[in-house]
Amino acid sequence: MNTLTKKYIETRQRTELLCKHLQVEDYTPQSAVFTSPPKWHIAHVSWFFEEMILKNHVADYKVFNEDFGFLFNSYYNSIGERIERNNRGLLTRPKIETVYEFRAYVDKAMIELLESTTDKDIISLTILGINHEQQHQELLVSDIKYTLSFNPLYPKLYESNYVTNYNKSDDWLKIDEGIYTIGHDSNDFCFDNELGVHRVFLEPFEISNGLVTYADFMAFIKDDGYKKPEYWLDEGWFWISDNKIEHPLYWKNINDQWHHYTLSGLKAIDDNAILTHISFYEASAFAQWKGCRLPTEFEWEVASKQFQWGTHWEWTNSAYLPYPKFKTAEGAVGEYNGKFMINQMVLRGASSATAPGHSRHTYRNFFHPQAQWQFSGIRLAK
Amino acid sequence: MNTLTKKYIETRQRTELLCKHLQVEDYTPQSAVFTSPPKWHIAHVSWFFEEMILKNHVADYKVFNEDFGFLFNSYYNSIGERIERNNRGLLTRPKIETVYEFRAYVDKAMIELLESTTDKDIISLTILGINHEQQHQELLVSDIKYTLSFNPLYPKLYESNYVTNYNKSDDWLKIDEGIYTIGHDSNDFCFDNELGVHRVFLEPFEISNGLVTYADFMAFIKDDGYKKPEYWLDEGWFWISDNKIEHPLYWKNINDQWHHYTLSGLKAIDDNAILTHISFYEASAFAQWKGCRLPTEFEWEVASKQFQWGTHWEWTNSAYLPYPKFKTAEGAVGEYNGKFMINQMVLRGASSATAPGHSRHTYRNFFHPQAQWQFSGIRLAK
Amino acid sequence: MNTLTKKYIETRQRTELLCKHLQVEDYTPQSAVFTSPPKWHIAHVSWFFEEMILKNHVADYKVFNEDFGFLFNSYYNSIGERIERNNRGLLTRPKIETVYEFRAYVDKAMIELLESTTDKDIISLTILGINHEQQHQELLVSDIKYTLSFNPLYPKLYESNYVTNYNKSDDWLKIDEGIYTIGHDSNDFCFDNELGVHRVFLEPFEISNGLVTYADFMAFIKDDGYKKPEYWLDEGWFWISDNKIEHPLYWKNINDQWHHYTLSGLKAIDDNAILTHISFYEASAFAQWKGCRLPTEFEWEVASKQFQWGTHWEWTNSAYLPYPKFKTAEGAVGEYNGKFMINQMVLRGASSATAPGHSRHTYRNFFHPQAQWQFSGIRLAK
Amino acid sequence: MNTLTKKYIETRQRTELLCKHLQVEDYTPQSAVFTSPPKWHIAHVSWFFEEMILKNHVADYKVFNEDFGFLFNSYYNSIGERIERNNRGLLTRPKIETVYEFRAYVDKAMIELLESTTDKDIISLTILGINHEQQHQELLVSDIKYTLSFNPLYPKLYESNYVTNYNKSDDWLKIDEGIYTIGHDSNDFCFDNELGVHRVFLEPFEISNGLVTYADFMAFIKDDGYKKPEYWLDEGWFWISDNKIEHPLYWKNINDQWHHYTLSGLKAIDDNAILTHISFYEASAFAQWKGCRLPTEFEWEVASKQFQWGTHWEWTNSAYLPYPKFKTAEGAVGEYNGKFMINQMVLRGASSATAPGHSRHTYRNFFHPQAQWQFSGIRLAK
């Protein structure tokens, strides 16, 4: 079995492993327009392989079910109609069992194909499909957490609570001014948004060696951080006012002790752990309160060679925009990244929910500034 | 086994029979704020027996699960907090299996109690609970149909499609003016909204012997009925405009042939069948177009002794309001009906989805004028 | 000058008198979708005479301005396009001066016509137009009050504050059961919704001789009336919760003294005055709290011969529905009333803002249950 | 009279000149949450001088009216309560005449102060106030145009229609790679968002010498540009779909000829004129269709020394974010710019509606990507 086939199988198995503790009931509902049901995730990543590879590269390939294109297509406007984004949770049929049969059906065809081809297109689309599935693995975890959090029973899904503790350092790294190279520059896989490689000039800056902890953020709350407009971006202030937000997502104060919902249930917050599930608005207000700022994505990319990262997605103060010489691919695959380059902020790094190996210094994640449900954290700069 | 116990068991079994063809996935999602998931329905009707009867009348009764009160309470504001009306579909836990265990647990206690008591309160609350469950049986059917209708696969749930055919009569019944008695007037069970018995004076009127068919309504559509404001109530006109409604719910035109989604799948419409899933707004516009009107609920109650009814809920032109001498019961049970007496219109009769025996001439059903998902139909008056 | 001409002139002058203290700036803005700007009111009532009478009955009549039909048409769907209901406040042009010229232009033609005709259609449409204008006179007052109430300067518009004091009576009138005649039964003008005359049977009832005062309602507030769901209709409860309503419209608590905004500015509330600006939801909750109910419109019509009324519109517990034998007129005039007969409750009586003479025992006013900005009050029944 | 006083007077007079053709009715209404009424603009800029300068620097200064701080404060959260952003159009009082008296009152005090002081704070705040008023002059023009555009009479306000014609050049300027200095670097006034001066590295690029014309954009429409998702950012696609946008703001097709509303009325579009009132979404889709892109704000700043600009605000593909070393001022003035640095895109240049002298190469204007009502245009890069 060749390396790519192995990687393919490994990735597919990891998805199923993540679902091991899901009950049939957990697979279907959708808890917000920005989340998707587990059933949809695991079907959609399979559909990607069928649509982009099998249909085009396997003679006489018979699709598993003609309707699945419509049901499990995502944002690929150029491919055809799709079910409305916020109605995904109403797809009680097909059964989850059938979706797993779909996965197995696709796997069989993919493995056969991968073992018998040297076609460059197939190989590169397969690598893209693997990375696509890894992205959905992380969304699967954050989405199911979001759904379960509405349940007053605080269900426990995993043994691990995805909370990270570490020896915090308060050091600041100093980085010199200069021209730096940004973007992905090797033959390994990367997404189109990491290209093209280009130069940026950075003014000198300092960046924190460690991430903000729960204790740090509690000090902000205690100092009425959520009540003072001067720390907040204007739209952030309206966001917390309109939604009556007074603490981070998943927090609950019980008898004067902060708790939070985790994937292993409701737990008292460990002050020394690293803060997570924070929106850009909150990260920005916290930085303002501290008299600091968030780093740009370029500063992060340059400095990250010198600090530890990977447990939390780190908000940067960079908007998600194309690099110079950015090119969208032809056809449906071209919809992958470019069309989202508006009104979103870049996060760098990776998190404890990221698939192993699915991270690099040049990786650009991105979400709207109000997004809280990702495993995001704060690193300060000045 | 006494009669009440038998009736209790029969009712409980019928609920489960209705769910026989549901897959585990079907139980959880909620498709609209006005519908509830099957899981919620079957738990809620059990909770009613536990909360209203077992907790108060069985010494040392241990509730099945303390959280279920919060999870499966409905509108009973006086009993305590409840889950937000439109978040019911996010309750992936408890598992459906557990909900069935809850049912069995309640059944065991209820049967024991019913076989050993002659307490009037218990008996009357049990009868209320049975009727409550019968109401939810019908909602279960209309709600699951609504959810499945969003699925592009048009799932088939039952053999029966709940569509009714009959020999239509075009006769008009003439009813004389006079003082008539309205309301429930026997020792049998009725809901509080059917009381008190009182007199109304009716001017002479005529009422159709038969219900409107699909063919009748297609003529309205062909005559641009959905495009001419003169037939519509003002709010009805805005409702169809805002929601771009051009035909009844569940209809779909395929190659110039009207089809509709039924519980046995997507079917071509049989012109001679009785029209159903119609809103009050549409019923009212149709009547206006016909140069007729809808009957009042009092006219219906008086005339219904002379025509066949029971296959479709029939919209009346009466708002849902209290009868003279209407009294709400003390405590939580008092929330049953009275507080809904605003902005809703009365439907009389029963439908093919109504539990057997759960119908009478004095029964008052009620929905908002835009409600389409019930098995409703049109009878004209003039 | 004939009587009708005199009545016409008198009505037209009264409208302008009501506007005497308006500044040019006051004429244009619209403060809610359910209100209209003064400019719109005074143009619209003139348009009615032009559109319904002058265009059809005066040879070679030249309309004042072709655009005004579009600008100042209201709900007459059958006549043509109209400006969106909630964009009326953006019509800065024509100038208010021009609208007064339009009024004068219409008046000249109308007076000439009225002095020279005996045509029955013209006479009856003129009477309708006069009554139509009188209705808008009251809306003019309630709408301008609503707009000014948003102004932190609490502008004073009139000397009169439209607040009514009286010697309250706590007596209850007892009315016997029987068949009563309802509806307008003379040759004087009435609206179509007061027809046809018909009989109703009333069970015996009691009705309060006096209206609820501010002191009465403050007792309800003090007893946490706005915080106890058991007094409220379900939709009323959501309405106060969603809108954070804790007291009637225009009230403001300053140093523990209730004040309210009136047309003569912000004033301390006189406890003995009659409560006004109350929604149906609040009226219904208050009645429930008192262990009473609101009368039906039929009870009101029958009993009103025996009590004093006319200072406040009195909410009834009757939905606004057609009487038996109700007929809508042909053409645009037919849109007058019938199409609003859904989701509204009937108010009976008249208010201190009603045009003199524009009231009778059979008059049916109607608003949505959340409407607060009318000069409405509460009379109890039991 | 010193130079600053002259500049102050000149600016104040220009504001009033812009309002010369407004009728009293035009001053009050607000047509969207993102616009303000003329009355509000002219009062607010006066309030700025009173609040920031006169109250602090003139002994015994008596404010014109205590309420005006509340009425005409804008976004200065730190100063105190303010009227809700979308209720500004309900301020029928004070009269416009009074607002002009307020202006004169402030002017008198300001001129006296300016003629008698050398205080640096006063001078720099006055310069800020002048620039602030100049910004509002442009908003005054775009806001009043937006309001009048809702009027079916297409009112003519000015002789000038603010449409710009020019000899279009199709040349592309080539700019070399290199380190460039960005930001304001002189002693003249600039806003805080133009600081600090810093270096950026630019990869080589080409930028168009001319702006996109109406003819250019009509070709995009003819090629179904508004119907093909592949040209649009994802949120742009939803924006045009949800709002049914099929052409730029103010366009109207009459008998197959495109017209647009201008400040001198409805006019046939001159194909050779420069396109304006375009959103970022539309600009981005147009560029995509052309196989080009929009320049970054840094590219624009560097290249703009070599091309003509100043008739239209030019969308860049840069998000509005702080420069390195950006500092917000202490106190209320600090709210000026920084808090808006999210979800907005930078526009560079100036427009025909910009106050003379209120433009420079480093000026950063910014709006949300859906903003259409500004005098914006498109310059392409590649």
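Lettered A, B, C and D in written order, each chain numbered from 1.
In this section, a residue touches a chain if its C-beta (ideal position, glycine included) is under 8 Å from a C-beta of that chain, and two chains touch if they have at least 3 such contacts.
What you see is a predicted model, and the numbers here were worked out from it, not measured in a lab.
Using the mean of the Cα atoms as each chain's centre, the chain most removed from chain A is C.
For B-C, the matching interface among the pairs A-D, C-D or A-B, defined by over half of the contact pairs being the same residue numbers, is A-D. Chain B and chain D have Cα centroids lying 57 Å from one another.
Centre-to-centre, using mean CA coordinates, chain A is 36 Å away from chain D.
Mean C-alpha positions place chain A and chain B at a centre distance of 44 Å.
Residue numbers of chain A whose C-beta contacts span two or more other chains: none are found. Interchain contacts close the chains into one ring where each touches exactly two others, per the touch definition above.
On chain D, the positions that touch chain A within their shared complex are 75, 77-78, 177, 179, 198-201, 203, 205, 229-230, 232-237, 280-281, 284, 293, 317-319, 321-322, 324-325, 334-335, 339-343, 345, 369.
On the chain B side of its complex with chain A, the touching residues are 23-29, 31, 39, 67, 70-71, 83, 87, 89-96, 147-148, 150-153, 155.
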